[in-house]
Each structure stands twice: as C-alpha cells, then as structure tokens.
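Listed after this line are the structures, all set down as structure tokens.
Both of the next two complexes hold subunit A, though its partner changes from subunit B to subunit C.
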Partner chain A sequence: MNDSLLEIRDLHLEFHTFEGVAKVLAGVNLQLRRGEFLGLVGETGCGKSMTALAIPRLIPIPPGRITRGEVIFEGKDLLQLNDKGIESFRARELGYVFQDPVTNLNPMFSIREQLIDAVVYQSDANGRKPAGQRRRPASSRQKRRDAFQRSIELLHMVGIPDADRRIHDYPHQFSGGMRQRVLIAMALAGEPKLLIADEPTTALDVTIQAQILRLIQELGRKMGLSVLLITHNLGVVAKICDRVAVMYSGRVIETAPVRDLFNQPLHPYTQGLLKALPHAQSERGGLEGIPGHIPDLISPPAGCRFHPRCAHVMDHCREVVPPVSRKTAEHHVFCHLFDETEEYGHAR
Partner chain B sequence: MGAHGNPVDHSTNATMNIYIYVLRRLLLVIPVLLGLSLITFSISRLVPGDPVGLAAGPQSTPEIRERMAAEFGLDRPIPEQYINYMAGVLQLDFGRSLYTKRDVNIELQARIPATLELTLAAIIFASTIGIPLGIVSSLHQNKPPDHVSRLLTLFFVSFPSFWLAMIFQSALGVYWDITPVAGRFPRLALPPQRVTGLLSIDSLLAGDLTAFFSTLHHIALPAFVLSLGALASITRITRASMLEALNNESVRTERSIGIPWALIVMKYVLRNAFTATFTIISLEFGWLMAGAVLVEAIFGWPGLGGYIVDASLNNDFQPIMGVTLVYGVIFSTVNIITDICYGLIDPRIRFG
Partner chain C sequence: MPDDAILEVRGLKVSFPIRGGLLNRKIGEFKAVDDVSFRIPRGKTFGLVGESGSGKTTIGKSVLRLIQPSAGSIEFNGIQLTDLNARQLRKIRSQMQMIYQAPAASLNRRMTIGQIVGEALWLHKGLRGEARQKRAAELLREVGLQNEHFYRYPHEFSGGQQQRVGIARALAVQPELLILDEPTSALDVSVQAQILNLLQRLQDEYALSYMFISHDLGLVRYMCDEIGLLYLGKLVEVAGSDTIFERPKHPYTQALISAIPEPDPDLQREEIILKGEISELSDLPGCPFASRCHAEKMSKCETHLPPLLLTDENHHVACHLHPGTVSHAS
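Let's turn to the complex of A and B:
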C-alpha cells in the first residue's frame, strides 16, 4: 500500500545471553500508515519495546543481533543505513518518547540546554532553520539563540505553564508529568513524521496519564504524525488508536482496526486478552486469565508459539508457524484456525 | 512568546545559592581542624617515650631535663599545654623543634611548597593521562584498547612506588643520564625569587625560562613515579563511571533525538561520569601527599615527607603536630574544592 510510512517485514532479533540465544523477535510484520495511530499491545516480554527500538536501531548490538528482516521507512531499509544515515533519520523523521520521564532526562543539564540541543540537531538535519528565522548562514551562537526561542515555543506547545521562566530549571525541579511533557517537546522539536511512544504513561500518576495521552493525541493529529503507541492497556488503545496490533512472544499475531478487534477478536490469544479485561458492568466473579505462562524465549515452542496455551490447538499448530490469514482487507490474523477461510490469497 | 523571559533574575538566584553552599562548606572545616588538632595533640602527648630525654641526650642531668621541659612549657598540665599550643597556632606559630631547636614555621615555609608542587604535578599528570585513558577504555569496552589500558593500570597499581622510583632513578637518572638523580633545583644555580614557593610558577613569574625548564626537568621523574598509582585509580574509576553513565536511559533518549554520538559522549555522558572521577582525584591527592614521603626520600626532595620522618624517629612532637595540621588544612581545602566542583557539576546538589 502506498500510504504506508513504515513497514517492518519478517524481523528477527536475537539476544546472546549466558543461558543461550534468546529469540526475542521471530518474524515481526507490522505496517504503519501515514497519519494513523497504531497501538501495539501485548504482555510484558512479548517484544513490543524491542520491535519499536529496532526501528531507529537503538538496540544495543553486541548482545542483540538482527538476523533477518527489513524495516522500510519511505522506501528505504533503515537496517541498511550507515551510522550517519541512521543518525540523520533519528534527527529528521523520528520522535521517541520513553516510559520513565525521570531517567530519560539528563539530571545534570537544564531543560534549556537539552531542548536547545534537540532543536539544533533536529533542524540541522532537516536543513531547515527553526521556524521563521533569518536565512543567512547563522553562527552557532545565533543558531542556539534561535533554538532557545523555538524551545520556549515548544514548551508552550506541550502545555508547560510559565515556559520562558521554567526553561532554565533543571529536571529535578519538574514533576514526572511535566518531565514527560518536556520529553515530548524534545521528541517533536524537529517536526518528525513518526512518533514512537513506548508506554509513555506507565510511570505516571493516573490523573496525569490521561493528560499526557490527550496531549499526544492532540499533537499527533495536529502535526499529522504517524504514531506507534506501545501499551499494555487496551483501554488506552480503544480511546486513541485507529488500528491495533497484538503481539505474542516475538510475533504480531493479529492486526485490525480497533473496533473490529474489540468486537470480533479472532486469535485465541486476543480473545483471552479481551476476556481478561475488567468490565465495570460485569457481575462479580473476578478476572479471567489465560492459563499457562509466557514461553521461554531461549527454547520457544515450535510452530505457533501460543499452542501450549491454546484451547483450540491442532496438530500442525505444533509444527508450522501460522501464515497470515486475511479475514477482511483490514483484519489480519496469524492462526491456523483461519487457514481455510483464506479469501484474499497469501501475501508474498 | 518571543519575549526573552527573565533569565537574569534566575541566574542571580543560582549564584546566591552557590555562595551559601560554599560558605556552608567552609564553616564545616573549622570543627574538622579542631578535632584533628585535639587528636594529634593527645596522641603525641600520651604516646610512651621521653621526648625531652631524647632531645637532651643520654648525658643530661635531671636538672637540665627539667629546665628544658619548663622552657618548652612541658611542665604544665596537658589541657593548658593544648590551649597554649592552639593560641600559638592561631598566630601561625607552630612552636620549636625539641631536637633541632629550629622554628617549625621556618621549616614548614620551606617544605610545604616543595611537597605541594610535587603532589600537584603528580595529580595533574595522573588526571590528564588517566581521564582520557578511562574514556577511551569505556568506549571500547572489552576490545583491544580497553585490554591494553586495563593491563597497564593493573601494572601501575601493583608495583610499589618506592621500587619503581629506584628503578627509574637508576635507569633514567644514572644509566642513561636523562634526568637529574635527585633534588628540586640545580645546587649551584640561583632559584627564582620566592613568590608562591612553587618553583615552576616563581620562575615563570620571574620570566626565567631556563629555571622553569630546569624545575620541570627535576620534577618530571619523581612526579611521574608518584602519579602512577593515582593514574591507575583515576583511569579505572573514569572507565567504570563512564560505563555506568553510558548505560543511562537518558543516553538512549539523546540518541533517539539524533544528537551526534561524539557530542553525547563528550558533553552529556562525561558530565554524568565526572562526579566519581572528581571524588577519586581529590582522595588521591591526599594519598599522594602521604605516598610522597617515600618518593621524597628516594629523590632527595626537600619536602614535608623527610621532615616528618626525621621528627617521628626522634619523638619530636612539635614538627609532627605542625606537619599533621598542614596536611589537614591541605586535605580540607582539597575537599572544599571538590565539594564546590560537585555543586558546579551537579545541579541537584547546588540547589538541594
């Protein structure tokens, strides 16, 4: 599809550990379209964050190793870029917001210093000056002065009150929610096309969580960003995402528009996940879980990695990795139960 | 927007904070020095032995010894002796040596700069080599540059400095005759006019380049030998704290923003790692002053080391007290400077 901004194809990632080789990602397929919010959900350890980190190549490469696959961004494979190329991709096209705002800002430098660097390097890479500045080649001091103005605007944009004073403060003088706003400002300083938000609200108070999500939603829509939102909170997905991809043990097992996924989950794992949601209306009886455990990544089950926990398991689930089945053009599932309902033919 | 805000107000506030911070540190030195003097004084008086007898010699009569004790105020009760001594110290009078009968002041004045210059040279050398070596090591963790640096530093900490001193002295000083064997300045040359007492600085102030290079020539080998242990510690601590800082999540954020790797390392990571490096430099400075005793002895360096060794052998407590207090003052000064540096490096401390 040509409205695709980012496409991950058959991505395999291993980690070399003392106990052996952990097959962290085993053929991830994921597509992110221009201007859409895609939720990436799954349990802890299923590879959501690793998938996201692999996009801008932020995975530490000795223990980690990408053995197969492509990450296509606007037609180029990011995995093939040299160091300079990937650095400029990060500066120009990408904003990344991480989980913990406390550890993600450098405690030794003022917000001003960190924001100015973000603005300077992102606008340098873009070959464009911070909005509305003069055209003659700017000295580096002039550049930093312009970037300072732009930084204050960015802080206003993410809703920091009193930004022109607070910009001189240090991270420890900000609350967690405020720090996350600053990090969002840094991520968006270069007007990227892609925003990856890796559990951006997990470390925050519940009341602040909603504010930060709303901020991401508003800014994302306003700037026409494609957003990859990683979360284990399906409620968040339902609220702000257009589509959702469910991961299980290193693979994407189902992708669908949000409404379809909630109304008609196909993969037995997705069904279990939705049943495990607490409902306000539901009668008491507590929560329902999925029996079994997350598989060991060093010696994962052959075939479909969910088969040991699956109620509908068939013989060939234990041997063959399920290919994609397209329930509709938009609703894809990787499960042998749907092999025969195949209507649209295999993709590649 | 667009208005400049009011950064001036804010920075004034920050400067104020720094002054208060420095003042607090300075005030804390007073009890430290008082405690130090009390402890050294008590130890020197309570330790068994008869300093007066040693100083007066085996032939002396009890009358001579009594007269001597009275002359030095040693017949008074110990608390009174302490108060008298401290009253003198406040006027920078450290008393007189029982043994040589020379004023401790005069000796200290001549010897403090010599030790200070040697220790400073050693710590500067150790830092300028150790910090970059540690950084390179951390950036190439478990690769050849790291192995080389770790092996070297292991050698440096493992060899005792007095042994290295003798080896280098006989190789470079005697066999190849590249460096002077001993001393601080050529015996027959006239030293520059004394301003700071540090010969290198005084000779520069006097505009005497020959004297300056001669000073460097003399100090090079002892300072080098003295620095090796510190160099090793500084390298290793820098490497370890750099590795820790490189693993910080903020580094990943900075990379995701697209800030060039070199800038991330030299600006952000280094600053995070520097607190630990500063700590070890200031600690090493104290240890080097102590370690200088042996190196000074081998290279005939006219510093505090030789003085305190002689005084200890004769149970001559006035010089011991004097030197100990001087060590205390230097050590506290270094600590204050370090504390101020912490404040400058880490805003959480400055505003805390």
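Let's turn to the complex of A and C:
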C-alpha cells in the first residue's frame, strides 16, 4: 500500500540559543496519505508547528539546523531540493493556513491586491494561465486581470458573501472568521495537493470555528486535498480527522485512526491527555491532570522524554528511546510498555 | 428570597461612549452589558458563557466596580455596591477577588512571588514582617508551590505555576467570592486539569463562591452549578448546568452546544452551523440574535426584544418561542 503523499522520516531539528542547543525535534516520523485528514496534536512546545514548518523548509537557518532526517514528498526529498525546487514545491503543491488571521494579512493592501498576488505567484509556478488558453505569454497586466476574476471565484468558494464588492475591502474591514476564509482562499489558489493548517480555528469563537472546520472539510473532500491539521484541541481532531498523530517533546509518540485513539489510547501520555479533558460525563473532581510539566528542550530527559511524568516508568525507559511498536497495522505507539521484544515488554 | 445569595445583580447596564468627529465628542454609545440580572448562591459556582465581545469580562469587572456600571444594582452580601465610596469599596474588595486570564501579565515581573503574595497581605490584612512571610509561605503551599519558590520571579515559572501564584494572591485576603476570568484558557489541558482540581478543592475547603467566566462550554459544564449565556451583552438563557446541556431552549444555546468539538469521534449529533457572525453595534429593536437564528422566526423577532422570562423551574429564556412568566430575577 503506497498511497503516501508525504513522509517525514527521523527528522531532527535543533535551535542554537544562548543557553545551549535546544533539541526541538528528536526523530519525528509521520506519514500523510493521499486524500486523508491527519491531525497532529500535542501541547505547547511539543514541536507540532516546527514539524509543519520544516516541510516547506520555512525554519530559519540559522539559528535552526536540521541535523538528520528526510521529508519525502511524492518520492522526492524536500530537504535536498535547491532553492528553485523548494520554491516551486511551495507554490504548486502546498497551501499553508496559519493560526492568526490578523498578522498574516498585510493591513496596507486590499484583499484584492493580496489575493491577486497569491494567484499570480501560484499560476506562474504552475506554468499555466489562470484562465483561458493563450498562445503568447500574457502581459503582466493581462495576468493580473485574469487573476482578479479567479480571486473573486476563490472568495465565492470560501463562502464570502458579496465577494465582488468585498474584494476591494481592506483586512480590518473583515472579521476574524472572514479573514481566515480569505487566507484559506489564498492557500488554495494554486490547487495544491497538500494543505497544512496550523491551528486554523484557535483564534476564533466556537460558532465561527464550526463554520471554518466545515469549510475546510468540504473543500478538502471536493479538491481531494491531503490535510495536515495541527491543533491542541482533541475535539477538533475527533470532528474532522481520519487519523491522528500525538506529539510529545519533539517526537511523535502515537499514531492511530481517530476512533482507535480515542477509544483505546495506548501511550500513557495520550491516556493522560484524554483523562484531563472535561466532558459531559465528568464527575466533580474527576479530572486527572498529568503531574509535572513539559521537559526542557536544552537538556531533555534521556530515553523516553515522558518518563519523569509517567506512572508506568521502568528502568529501561530512562535510558533507551522507545522504538515503534505496531499494535495493529494502523495503530503505532512509541512506548516500552508495548515493546515487541519480549525482554522488557509486558502487555497491560 | 429562596436561598442565601452572595451576589445579586439586577438590571446591570454598562455602556461605553463612542467618540468621534473633530472635537472628539460623544457620538454614540456602545452597550457592552444590557440589562443583565443574575444571582450567585453562597458556595456555588455560576458560569458566564459567551463569545468574544459578549460582555462577560465587563460584567466580572463591574461587579468589582473596576468598571463603573451605568445602571443597575449589585448586591454583595446584602450590601449595595453601587452606592459605596472608594474607602468603603476597598474594604469590600478584600472579600472578592479576581483571577485573570493571562497569568504572566497579571503578576508584577519585578517582584518575587513571595512579595506578590505578601503585598496583598500587607494592603488588605495589615500583616508585616515575619507574620507576613509565614502566611505567604503558607498560601503558596496551599496552592501547590514549594517554599523554595518564595524568592523566585514570575518568569521562572510555567503558566500553570503562575496561575497558582495568582490564586494564592487572591486567597491572601480570605475572600468569599472569586471572579475567575478564563482562568485556564492560556494553559494546556494537562495543566488546566490541575488548576481546575485546585479550584474545586479550595472551594470545598473555604466555602468559596465562584463566578466562572469562560468561552469554553465543556469547561463550564464541568465547573458550574448554574450557567448564564450571554449574547451581545444580554443574557439569553439562565439555568442549571445540566438543564442547559440536556434541554437547551434558546436557539443560540442549542447552536453553541452543537458547535463544541467533543473529543468523541463516535458522537452522532446534528450540528447547527450558524449563519454569519456576531453583529456589532446593532441598534435594531428586535432580538439581537434574530439575524443568525436558525429556528423558525416570527415577525416580532425583528421588532420586539424578548425579555428574560421564567419558563420552567429555574430555567430562564429570552426568546419569543418560549413564552414564560416574569420572575424575581428579571
């Protein structure tokens, strides 16, 4: 079964700081299949955004440094591409939606200008004209005129009412939800294969969040997108993702189909996260936090980085980074409790 | 009065002037809170829920009179707060405290946490010297911090620990009512659970009453006995926590509950996706929610503001679809 669109293998990322070298990613393994919605979840500082930024090589180097690993997109290692190659990947294959719709639109330019820029950039890279078939290369003015039509279509597509009038407005005239729709339109302008959405609804109210999630879901299915959805909200994952990967301190520690993860979490950290969430049946005092706090990335704990907070910690956990254990073909966990070698493993 | 209320708010209005023009004259008024009434029984938790801009923080601050209400009455332990002068107010404020959303911003970064907690003890309790030190250390232990933390500065702590310091500082004055303004929204879930547990333990130990302000309905259900839902500065539904979730009546409440992303992939339910967004500054006469409402609308929805009425026992709804009777709370 090789329907993988994107595969991250053993990715290591460091940041050089005054206090020392922060080991931000320490062996991330992740696979995104064609047409699926993959949720990447974890708490603050676990490296989920860094993983996503590393895909189109948007990590500032220096201070960042990728010390090991591969990012394979359709058989090519993105980390080995030259500047032109990665530029073309960003323009043609990738849409990226960020968390904060306010800072990601330029307040000095109208939505029209910003959208046209996005359309022209992506269609140039695609080597096709935005609309119609022209024999001679279109003039830059003609290109922008065509792009204008396409921009209005895009705004319609993301559900902005009255798009042919609103396109002339400036970002401050749009609400948060509407701005996020504009950013989704920009991300999808070049009809990419891959959409990375980094906390796309975190800054929004819950009723608007529902609208935006519905939009991403519908457009994703319609355009056959593969979506990497980064979030700290497990509810959002349960709602729209097919599979989920849980990160803790620079590593993916469990991946599973959504239903399996929620019904049968294996990693003690995943179990802890789910127990910490208040839901309809929680009794008073029934929430369990996870004791302690997230480890320091400059001198992280040896072995499994979760071991200082883990209730099931064994001697082995303090020394050896747990390898993958395949509980089922689809459900993978990185924890010594599930070691496949019988030496240390014991089933729960 | 059926039972002992620690706080009773009646007809609270807060409006802010809109200024404009050459001379910066007042050209209008923004009604942040419009005719809000509720009561908090002693030892209970009352939740105020709403989306951004619905006025929940403004209500919290006007209860402490950090914001001056334009109209209405606020009765705390039977004392009318709106009539008090600054000196009387300071006395009362030692009985109610606020805990803020951003723990880092609410702590003075040039003071050690021992000083932060000690300052409250000195100002409100007049404690000095060793007595103050001892009591501050006690309070820090109470919220789960250690003695060694006493001389450290806020930036040395994680968000969860900073929030614990905020709670210790609030407890220093031995308050009866705590106003918790999104106390965990800056925290990760595993830490959030620790703070929620701490708040519940303290409530049981010291018989505290809480006003819990949040946009997170799941959290509010877990923490609160009674919930009030705000929409554009007006209460649209007030009822017991379980009633709100099991039998929501107002179309806005129904939509809000259906929009919570529940961490349960097997959950099957009909999701109500609201049209549009919160309209600001609407001076239209009808129901503020009418333009987004998914329920069958009546002609008077656009023209008459529905009052908050008692429809069932302890269940108040402001919607023309649910006629009720006028009750003590409105």
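Here are a few things to note about the model shown:
Rule of thumb we're sticking to: the second predicted complex is superposed on the first by the 331 of 348 C-alpha atoms of A that agree within 3 Å, B and C clash if a C-alpha of one lies under 4 Å from a C-alpha of the other, contacts with A are read in each partner's own complex, and residues count from 1 in each chain.
Simple rule for what comes next: contacts are C-beta pairs under 8 Å (C-beta built on N, C-alpha and C of every residue); 3 or more make two chains touch, one makes a residue touch a chain.
Every value quoted in this text rests on a predicted model; they were computed, and no experiment measured them.
Model built by superposing both complexes on subunit A: subunit B and subunit C fit together without a clash. Once the two complexes are overlaid on the shared chain, A:208 sits against subunit C while remaining clear of subunit B.
Once the two complexes are overlaid on the shared chain, A:313 sits clear of subunit B and of subunit C alike.
Once the two complexes are overlaid on the shared chain, A:21 sits clear of subunit B and of subunit C alike. Of the two partner chains placed around the shared chain by superposition, subunit C is the only one that A:259 touches, whereas subunit B remains out of contact.
Geometry note, superposition on chain A: angle between subunit B and subunit C about the Cα centre of subunit A is 80 degrees, to the nearest 10. Of the two partner chains placed around the shared chain by superposition, subunit B is the only one that A:118 touches, whereas subunit C remains out of contact.
Touch criterion met: A:173 reaches subunit B, while subunit C stays clear of it.
No C-alpha atom of subunit B lies closer than 9 Å to one of subunit C in the superposed arrangement. Within the complex, the subunit C residues that touch subunit A are 51-52, 158, 160-161, 188-194, 196-197, 200-201, 215, 217-219, 221-223, 245, 255-256, 258-267, 271, 273-274, 277-278. On the subunit A side of its complex with subunit B, the touching residues are 56, 58, 83, 87-92, 94-96, 98, 100, 103-110, 117-118, 121-122, 125, 149, 152-153, 156, 164-165, 167-168, 170, 172-173, 183, 186-187, 189-190. Remark: subunit B residues 1-7, 10-11, 248-250, 252-261, 263, 267-268, 271-272, 345-348, 351 touch subunit A in the complex. Within the complex, the subunit A residues that touch subunit C are 43-44, 175, 177-178, 205-211, 213-214, 232-239, 258-259, 262-263, 272-280, 282, 284-285, 287-291, 293-294.
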